[in-house]
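By letter and in written order, the chains are A, B, C, D and E; residue numbering begins at 1 in each of them.
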Amino acid sequence: MNYHWNWQIFWELSPEGTGTYLDMLLSGLWWTILTSLAAWAVGLVVGSVVGIARTLPIRPLQWLAGAYVELFRNIPLLVQLFLWYFVLPELLPHGLGLWMKQMPNAAFYSAVAGVGFFTSSRVAEQVRAGIGALPRGQSMAGKALGLTVAQTYRYVLLPMAYRIILPPLTSEFLNTIKNTSVALTIGLLELTARARAMQEFSFQVFESFTAATIMYMVINMVVVIAMRTLERRVSLTGR
Amino acid sequence: MIDITLVNKFYGNFQVLTDCTTKVRKGEVVVVCGPSGSGKSTLIKCVNALEPFQSGRIIVDGVDLSDPKVDLNRLRARVGMVFQHFELFPHLRITENLCLAQEKVLGRSHEEAMAKTLSLLERVGLKDHAEKRPGQLSGGQQQRVAIARALAMDPVAMLFDEPTSALDPEMIKEVLDVMIELAQDGMTMMVVTHEMGFARKVADRVIFMDKGEIVEDVPKDDFFGKPHSDRAQAFLSKILTH
Amino acid sequence: MFANFDFDVIRRSLSYLLIDGMGFTLLLTGLATLLAGILGTILAVIRLSPVPVLPRLIIGYVEFVRSLPLVLLIFWFYFLVPYIGQWLTGAERPIAVGAFSSALITFTLVEAVYFSEIMRAGIQSISRGQLAAARAVGLGYMQSMRYVVLPQAFRNMVPLLLTQTIVLFQDTSLVYVVSITDFLGAAGKVAQRDGRLVEMYLFAAVVYFIMCFAASMLVRHLQRRNEFAR
Amino acid sequence: EDLTGTLKKIKETGSITLGYRESSVPFSYLDDNQKPVGYAMDICYKIVDAVKADLKLDKLEVKLNPVSSSTRIPLMANGTIDLECGSTTNNVDRQKQVAFTNSHFLTASRFVSKKANKITGIEGLKGKTVASTSGTTNIKQVVEANAERGLGLTVLPSKDHAEGFLLVETDRAAAFVMDDILLAGLIAGSKEPAAYEISKDSFSLPEPYGIMLRKDDPAFKALVDKATADLYKSPEGVKIYEKWFTQPIPPKGLVLNVPMDAAMKKAFAQPSDSPDPASYVAN
Amino acid sequence: MIDITLVNKFYGNFQVLTDCTTKVRKGEVVVVCGPSGSGKSTLIKCVNALEPFQSGRIIVDGVDLSDPKVDLNRLRARVGMVFQHFELFPHLRITENLCLAQEKVLGRSHEEAMAKTLSLLERVGLKDHAEKRPGQLSGGQQQRVAIARALAMDPVAMLFDEPTSALDPEMIKEVLDVMIELAQDGMTMMVVTHEMGFARKVADRVIFMDKGEIVEDVPKDDFFGKPHSDRAQAFLSKILTH
């Protein structure tokens, strides 16, 4: 194999002068985590609102929420990121657009918006499915007791719906983490981008990708374990 | 108490209820039976304003359901309803199931609601299970809790939709016993059921529905004695033979 | 707002965008779906079978692929496929594969994992009673799978499989990172050549949206028909 | 005699794969028909001719594979491409993974900015956002200069040169750091060439470009070295140079107007694959 | 015909069957009843080798199930089984449901299988529905098809696992009628059911199970006349009162 292995590379100084290659990867990891958490917050909040709207007995609201979901899930994430990053500032008034383009960490905000809204459309589907999976009798029972629609959602439907969709939400969260890597195309220096940069500077392709791979697997494991714990905490049988 | 006049209801083009008319007086127990899909559940849901209907009128305890000024939530709270599949709230403890609507709808204090809850659980024989969750109870126990939950709102009438048909044979009796007691205490009840033993014992009248129509609406003894329509006869012979 | 935009650039480069770009994207999506569908079904059946070792290997592979971002996987496979080829064929040097084959292999290997998860869910969604009934009339395990379980699993999962295909179609846009000219790559190139970012990226978004939306409508239609058929 | 390495592969498969760049004007870039053309491409086709002659092949199929700054080295190592025909700087670090044939151009790392922004010199970039193409020596130099001189730059990596230039065009970045010849090409091809200027300050001495090939393949390297040396020393070499640097080039018929300087003449007269910038200085 | 001796079965640490012993002679009809979870289904599945058991022996028509040389697929084909939820193959037409195993297991030609299929469908009164799919039939019709499917393999005995408990009350009779006819034709049958009317009419013996044990195994008249154990008594009183 025409390749020169060098596992010491991680402890060599990177051309950035601020530390070793390992530090470089770790800073990428940090951005990955930060971006994922911010995007997840957006996705979860917006997605829940939209998902609930789709189950309410108000036609125009259902339609609007449905259109939202279709819009955000039928355009590839990469294209959405380009729209947020390249296209949106051009469509705004010149001054505002320029301000957006020149603010520090523009790529980060674009990534949070792009990945966040993309995720929200998927979360919305899960929330709707979760509410839909409850027996119709549950909302009837709530109503029959005299609870209002809002109370029925708050006290009866949502607590169960979120329990049901906890596992799919876990994988959506994992997807969010993975999806942040697409933001390397708009210059976000997250983990995959850093692994690629390390590869470019050092030419040690396999070492740098292996390290990134291990880091992603570790994040994955941490998230899965954390979510399992949460699932157990809120499960109705496991106590 | 419950006054149903010429009610018609459609799902899209499909007519589920046709000109349904009947009356349930205070303290009366009415059993509703009929083949699957005949509209029994739909009728009972209309009475509790859980389903809208297109024409006709339903008056419950003096309140006209179709009056747009009526607060439907308060009205629903005054009519208790028990479902085939219990529909307890699985994430809440038994006491929480009973307290929720008392506090949120009737505005009772937690202490008041709790006192009522415990006395009702005692009445249905489940005081020992007060702090469990629904999933930890058998079907029969869950249905008794569901009855207690409806009673906690001090309803003026109770509606039952096949309360025993999702139960294992051995548990049917424990639920029927609670219902019989309730009937004997003078509760106004409308009960969809195929348990003819129950009907024989406590019903005042039996309503037989088929294809969305009320085909028979007669005193119990007349029903079991000499059903008028062929359809009711055919139905009775089927469910009574085995 | 669009006054100083030049949407004519789309018309001028339409044939390049649609024939070179979308042609590549559709061909890649179609072939990868077919191959990944077959491979995924095989993986699912093996994973659920009682044979030793193999299911564990498959689980390991599935977890590996599922925990990595697609972008990273594309880099990995794009660089690794020639070595894998060398290792498989025992050749003395890495096998040179073109950009298309490389992308095809990448997406087949990656998407097979997602298809296998769907097929596994499909097989498990068939009630155990069906298998018991098939066994009770004397069919063997493989016969029961072939005549009773798989046809139903596949039919139940058609909507999910198609949805995954739509996802795959969208995901192929990521080959952008290795400079392969798919539809988005073509749009990006024209955008940069003519300095028409806004127009080209909006156009790409609209095209993707229309295609994916139409496909998902089709899926919903099938789903509804499936429900009636039951 | 037994063939080895790349030559054996070419003989057996009857094909050779050239890696090309999408926006390295005028070395290797896509013309109006999205076909790769350029100075380095022409040189590579000459090498292909030499290979064909050497192996006595009737037919040699030439395959083309797009590469970017970040994929070119792995794709070379894993055998996807046999020659990389572009604007790759030949340096010591890279020689640990790949080999280069005789240098075909010399250029220094500078930056382009909008004239309107009046940025003079590297110090003028302080605190600003600066783009450079990921995977290039240039981005490495910016990053290093940033650390050494405490410039406080935000360095934005772009996928390729066109995208990097676009970041300046759309005001996302104040400057784009790249080899000055490539900058000249990008400006010439832009919508408004007069709006941009290239800095006087440079981040490096002029560095050599070379065609890249696999390391540890002496037979192939010898053949390629000989082919390029012959070409550079012949009048044809000069003709190819002039075709791309002093005459109108596709797609828009621009003229870069960069005649051979002394160093370049020396590089052609005494072909060399040395990575050392000092060795190219004309005396 | 069916000979069960000291069978024990565990799911993990949980013992589902404890020392079960009984015998079903040729032409005999045995009804198995008992509370939910008592192991009735498990016992019957063991007889058809659908579940393995840890100790004891079961001999069906002279073949020992625990003999490793036995071809279990052929054995299963010789014992018909009818499930609570019918388990017809929903993607196949009614005729295909009946033909599949005849062709794949018994190796009959398609014509042969079809002839058999049609005569059986006639027998259960469903000839008109031959080309429909299961989803287009009512529950009672589906269960009759399931019985026909089992009969198509010319079984030496038939096992039924609560064949009527997933049916609407009106459909129970049509299925029981088919089963009664089968019993009267001399088929050897083991039937898990709570339909005591059926038991009274055609059972030779009744087995009562509780917590994995066979508590009673007596002639029908003894069972309904004077059940021995308290458990059986309690169970009977529950399912017979209503």
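Basically, a residue touches a chain if its C-beta (ideal position, glycine included) is under 8 Å from a C-beta of that chain, and two chains touch if they have at least 3 such contacts.
Quick caveat: nothing in here was measured; it's all calculated off a predicted structure.
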item: Smallest count of steps, each to a touching chain, taking subunit B to subunit C; value: 2
item: Path length in steps (a step moves to a chain that is touched) from subunit A to subunit E; value: 2
item: Distance-maximising chain from subunit E - centres being C-alpha averages; value: D
item: Interface with the most contact pairs, given as the two chains involved; value: A-C
item: Reference subunit C; chain at largest CA-centroid distance; value: B
item: Subunit A-subunit B separation of Cα centroids, rounded to whole Å; value: 46
item: Chain centre separation (subunit D, subunit E; CA means) in Å; value: 80
item: Centre-of-Cα separation between subunit C and subunit A, whole angstrom; value: 21
item: Between subunit B and subunit D, centroid-to-centroid distance (C-alpha), Å; value: 83
item: Of all residues in subunit A, the ones touching two or more other chains; value: 2, 86, 90, 185, 196, 205
item: Sequence positions of subunit D contacting 2 or more other chains; value: 74, 78-79, 159, 170
item: Multi-chain contact sites of subunit C, meaning residues that touch two or more partners; value: 79, 83, 93-94, 176-177, 197
item: Contact pairs between chains, per stated definition; value: A-B, A-C, A-D, B-E, C-D, C-E
item: Subunit A - residues contacting subunit C, complex; value: 1-2, 70-71, 73-80, 82-83, 86-87, 90-91, 174, 177-182, 184-185, 192, 195-196, 205-206, 209, 212-213, 216-217, 220
item: In the complex with subunit C, residue positions of subunit D that touch it; value: 5, 9, 13, 17, 22-23, 30, 34, 63, 65-68, 71, 74-75, 78-80, 159-160, 162-163, 166, 169-170, 190-191, 251
item: Subunit B partner contacts - residues on subunit E that touch it in the complex; value: 35-36, 168-170, 172-173, 176, 194-195, 197-198, 235, 238-239, 241-242
item: Touch list for subunit C against partner subunit D, complex; value: 16, 20, 78-83, 93-99, 102, 176-181, 186, 189, 192-193, 195, 197
item: In the complex with subunit C, residue positions of subunit E that touch it; value: 45, 48, 50, 73-74, 76-81, 83, 85, 87-91, 100-101, 104-106, 133, 135, 149-150, 153
